[in-house]
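What follows is a group of structures, each given as structure tokens.
Here come two complexes built around chain A, the first alongside chain B, the second alongside chain C.
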Partner chain A sequence: MEYFVSLLVMIGLYVTLSSSFNLIIGYGGLISIAHPVFFALGAYTTGVLSVNTSLHPLVTIAAGGAVAALASFMLSLPSLRISGDYLLITSIGFQLGVIEIIKNLDFVGGASGLSGIPNIVETHRSLKFALALLLLAAAVVLFVRKLTRGPYGRAIRAMRDDELAFSALGRNAMNIKIAIFALGSGIAGVAGGLYAYYYQYLTPDQFEILQSAMILTMVVVGGMGSVFGPTVGAVLLIALPEAITFLNLPAEVMGPLRGIIFTALVIVFLFLRPQGLVAPRVAGEAQ
Partner chain B sequence: MFDTSILLQILWTGIATATYGVLLAAAFSLVLKVVKVWNFAQAGMMGIAYYTLYVCLQKAALPAALALGIAVLVTIGAALLIDTLGLRTFRRRKSPSLTYFIFTLLLSELVQYVLAMIFGTEPVSLAATVGSASTMIAGVIVSRWDVTAMLSTLACLAVLYVVLRRTRYGKHMTAVADNPELSQLYGMSVARIYALTFALAALLVVAAMYLFGTRASMVPETPLRMMLAAVIAALLGGMDNLIGAALAALFLSLLQSFSVLFIPSAWQGLILYALLFITILFFPRGVKLPRRNARRKPAAAAAPSTA
Partner chain C sequence: MNTVLSIEKLNKRFGGVVVADNIDLQLGAGEVVGLIGPNGAGKTTLFNLISGVVPADAGRISLAGKRLDTLPVYRRARHGVARTWQHMRLFQSMSVLDNLLVAGSQYPGESFWRLIVAASAVKAAETHNRDKAHAILSRMGLAALANANVADITFGQQKLIGLARALMSDSPLLLLDEPMAGVEGSAYDTMRKIVAEEAATGRAICVVEHNVSFIRALCTSAIFMVRGRIVERGGVEALLESRALAELYFGK
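The block that comes next holds the complex of A and B.
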């Protein structure tokens, strides 16, 4: 039972991350894969505040979201000058650079990690965290749905589809890019805060480049630019590889086998269903 | 301030350890130039090349030449599979660049997991001992590996230069890199050129991994980390400039080697990422050195014709 509940925790977490990432890459067309960095910044901010202060958990989690949103400026501002492949490579370098910095900062625990994050839930711990994360995931999905179906969503898609024409009409593409990055990153930061309290231990390795690939593939497999696509992608790519858990294989085989199933699944989807499992609502929404 | 012999030693060792990085940067840059793809699957090719060499040299105890030959065949086979089964499908569909990125990165991850399952996650080396015979020249320790690595790298780059500039297929590669549609109209087989490009890149990868493996050990996830230096070198050197990428890889290696004099070694890794950020923002087309013919005075061009 505990295992299934922990699976729900992961699903809630990754639905939140992939939906917020979909806002940036699917709707905004901003090809950045540095999303785990903002997840990490939120987690570490929450972790450090909870270890060193007596602030309420809601305050530390909100602080994590705020720090992640502010940090997004470091990536959104360069994105004003570059796009496409260059932005992709820049975001890789940004992510690896921030992780490298975290590894060398003593006050966040360095490479050995940050421990001692207090337990904020005494009873039915996993169940309460699962509920919190699933509620957050649902809220994020509904928020993205509301945002993208309104006038602001139309502006975002217009900017994505033809930035030059968008600017020629007198609209400010820069503001939208900065806002999308801040929103998506802030949500990832909040998810990071909950993650920190759940696992009570953070290491830089938890936020490496493979994490980026995982979130990106959830969005792509689920359907980029669709509201529910990332949810479907996250559920599928979290649950399916876990199916081998019941085979009782040795640990040294289980880890790589899970990775093989995950990567093979995504590659198969890239060939068989490149548009994703859930197509965007309107044909014009697709990138 | 610093002893000259220390500086010379750092310079020599930096150049020696740059050799496999130079070859990897050249391989990455070659595919980027001709096929126009950020080939993150090169990390997978590196893993396949390395572990093939490991099986041949350490498990089967084959001679080095035979092991290299087998590794070349296997890696070229893998590279051709990547191109024909994978990238060709996406080219036909006119897929966005994100698809290529996801495919190549995940393919490398898949290879990494398969290798981890087969060989485990313990470090393995291609040589029984990573040290080699060395001698002191002018206060600098010169090992046999250093000399072999430098000569091998120069030879590989020379062969690559000759192939690209002096052979028919090499010129076709340059033409396809410039304009694949026009090249197709002129009767060149673009698919064959792409396959040849991947084959050449595979050769360079095998050479690089052999040099690396005879000096250090590796785990399945090492190639993905090594890839970033090749990516930065390709960016810094210019996306269509193989020699530039090779020189950039050398520069990066020397920068990291000399940085230990000024910053703690724990921060060395950050140099690469900072350089990537700066390069993308300020030199997205690579660092362009001024060319001699660009300095020709305009008056010569405006001189009246005497015909």
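The block that comes next holds the complex of A and C.
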């Protein structure tokens, strides 16, 4: 039971992360790999505040989201001004650089990690965290759905189709990109806040660049630019590796097997179904 | 006549190639000016310079007294520069109606902030834009296509939608880049009718076009460009009969 509930925690967490990342990369067309950094900034902000102050958890989690959203400007303002590819390059630097800084900052625990985050739930701990994260995930998916329909969604779509034609109609593409980036990053920060309270211990290597590959795979397999795609991708990519543990294979086979399945999945999808399991809707929907 | 567009000493070169050579140009309300000249004369580049797609090296561009040349593309559009593109540049994944809606002169829904704090203004603008888009489509006889995907309609219809999109903003200046190229049949007649109607509303229209009968029928004057330079400006007939132009199009 405990095992099943911990899976639900992971699913809630990764649906939130992949859906918010989908907003950035799938809808905004902004190629960034720094999503784990905003997740980390949220987690560390909440962690540090909870260790050093007696602020209410809701306040510290909100602060985590706010710091992540604000930090996104540091990446988006200079690099989006130039053009798309520069964002990818600067995001790699940002991902590696911020994690390196965290490793070397004493007040966030440095490389050995931040411990002593208070336990805010006494009974049925995992179940309550699973519930909170699943609720957050559902709220994020519904938010993305609402945002990407109606006038804002139409503008996002038009911008992605042809940014120059979009600008020549008097629309401010830069504003939209920066807003989408901040929203997606802020959501990752909120997820980080919950994550901090759940694990009560943070280390920099929980937010390494491999996390980025994981989240990106969920988005690609599920369906980039579709509302429910990342949910399907996240559930699948968390459930599948867990499912094969029931085969009772020896540990030396299990490790590589997971890696092979993971990689094979990405390759198969890129060749056979690049739009992902849940294809984005095509014409005339943003009304 | 009210001057809508005023260009003074506009210069632009790409490397060693001069694409705008000291261009002076005035465009008045209600004027329809045909921009003619050989390929590479800098006609489309002039549109790109006016709309801000390409920054000028030197010179001044103003619209109804407001200086444009230091502004980014979207702000020039907001000040009243509407344009079409030779290759339409429609939003390919969207419906005909959505292509028009996104082009409204007021579109508060593009700001995430205003979606929250000014929801009623967003809604009002949506309604206004929707009515306007339907009205333009009806004028073009394309009302039935409102919900079709732009990728699924004919080339001539796509050209018309490109024009319709530019009409959504009521801009005082309209730049049309080869509106008739590849357009035939009923779309051709519609295009002529709409451009004539728009000119009658008092917009200043500048049109790059190779179709001589279109220029004869609609333009109040014409400009002849060669190698980034305005060689001649005058009445349509006089210009079409000028020796320089005849040599260029038909040889010596």
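Simple rule for what comes next: the second predicted complex is superposed on the first by the 264 of 287 C-alpha atoms of A that agree within 3 Å, B and C clash if a C-alpha of one lies under 4 Å from a C-alpha of the other, contacts with A are read in each partner's own complex, and residues count from 1 in each chain.
The rule we apply is simple: contacts are C-beta pairs under 8 Å (C-beta built on N, C-alpha and C of every residue); 3 or more make two chains touch, one makes a residue touch a chain.
Bear in mind that the values here come from a model prediction, so they are computed numbers and not experimental data.
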Contacts of A:A239 with chain B and chain C, given as first, second, both or neither: neither
Tell me the contact category for A:L135 with respect to chain B and chain C: first, second, both or neither. neither
Can A:I92 be said to touch chain B (first), chain C (second), both, or neither? first
Comparing chain B and chain C in the superposed model, the one touching more of chain A is B
According to the stated criteria, A:I260 is in contact with first (chain B), second (chain C), both, or neither; which is it? first
Can you give me the overlap between the chain B contact set and the chain C contact set on chain A? 287
List of chain B residues in touch with chain A within their complex: 38, 89, 93, 95-99, 101-103, 105-107, 109-110, 112-114, 116-117, 120-121, 224, 228, 231-232, 235, 266-267, 269-270, 273-274, 276-277, 280-281, 284
Per the contact definition, I'd like the list of chain A residues that touch chain C in the complex. 147, 150-152, 154-155, 157-158, 161-162, 164-173, 175-176, 179, 183, 282-284, 286-287
Please output the residues of chain C touching chain A within their complex, sorted ascending. 51, 53, 72-75, 77-78, 83, 85, 89-99, 101-103, 105, 107-113, 115, 122, 125-126, 147-149, 151-152, 165, 168-169
In the complex, go through chain A and note every residue touching chain B. 25, 31, 78, 81-82, 84-86, 88-90, 92-94, 96-97, 100-101, 103-104, 209-210, 213, 216-217, 220, 252-253, 255-257, 259-260, 263-264, 266-267, 270-271, 274, 287
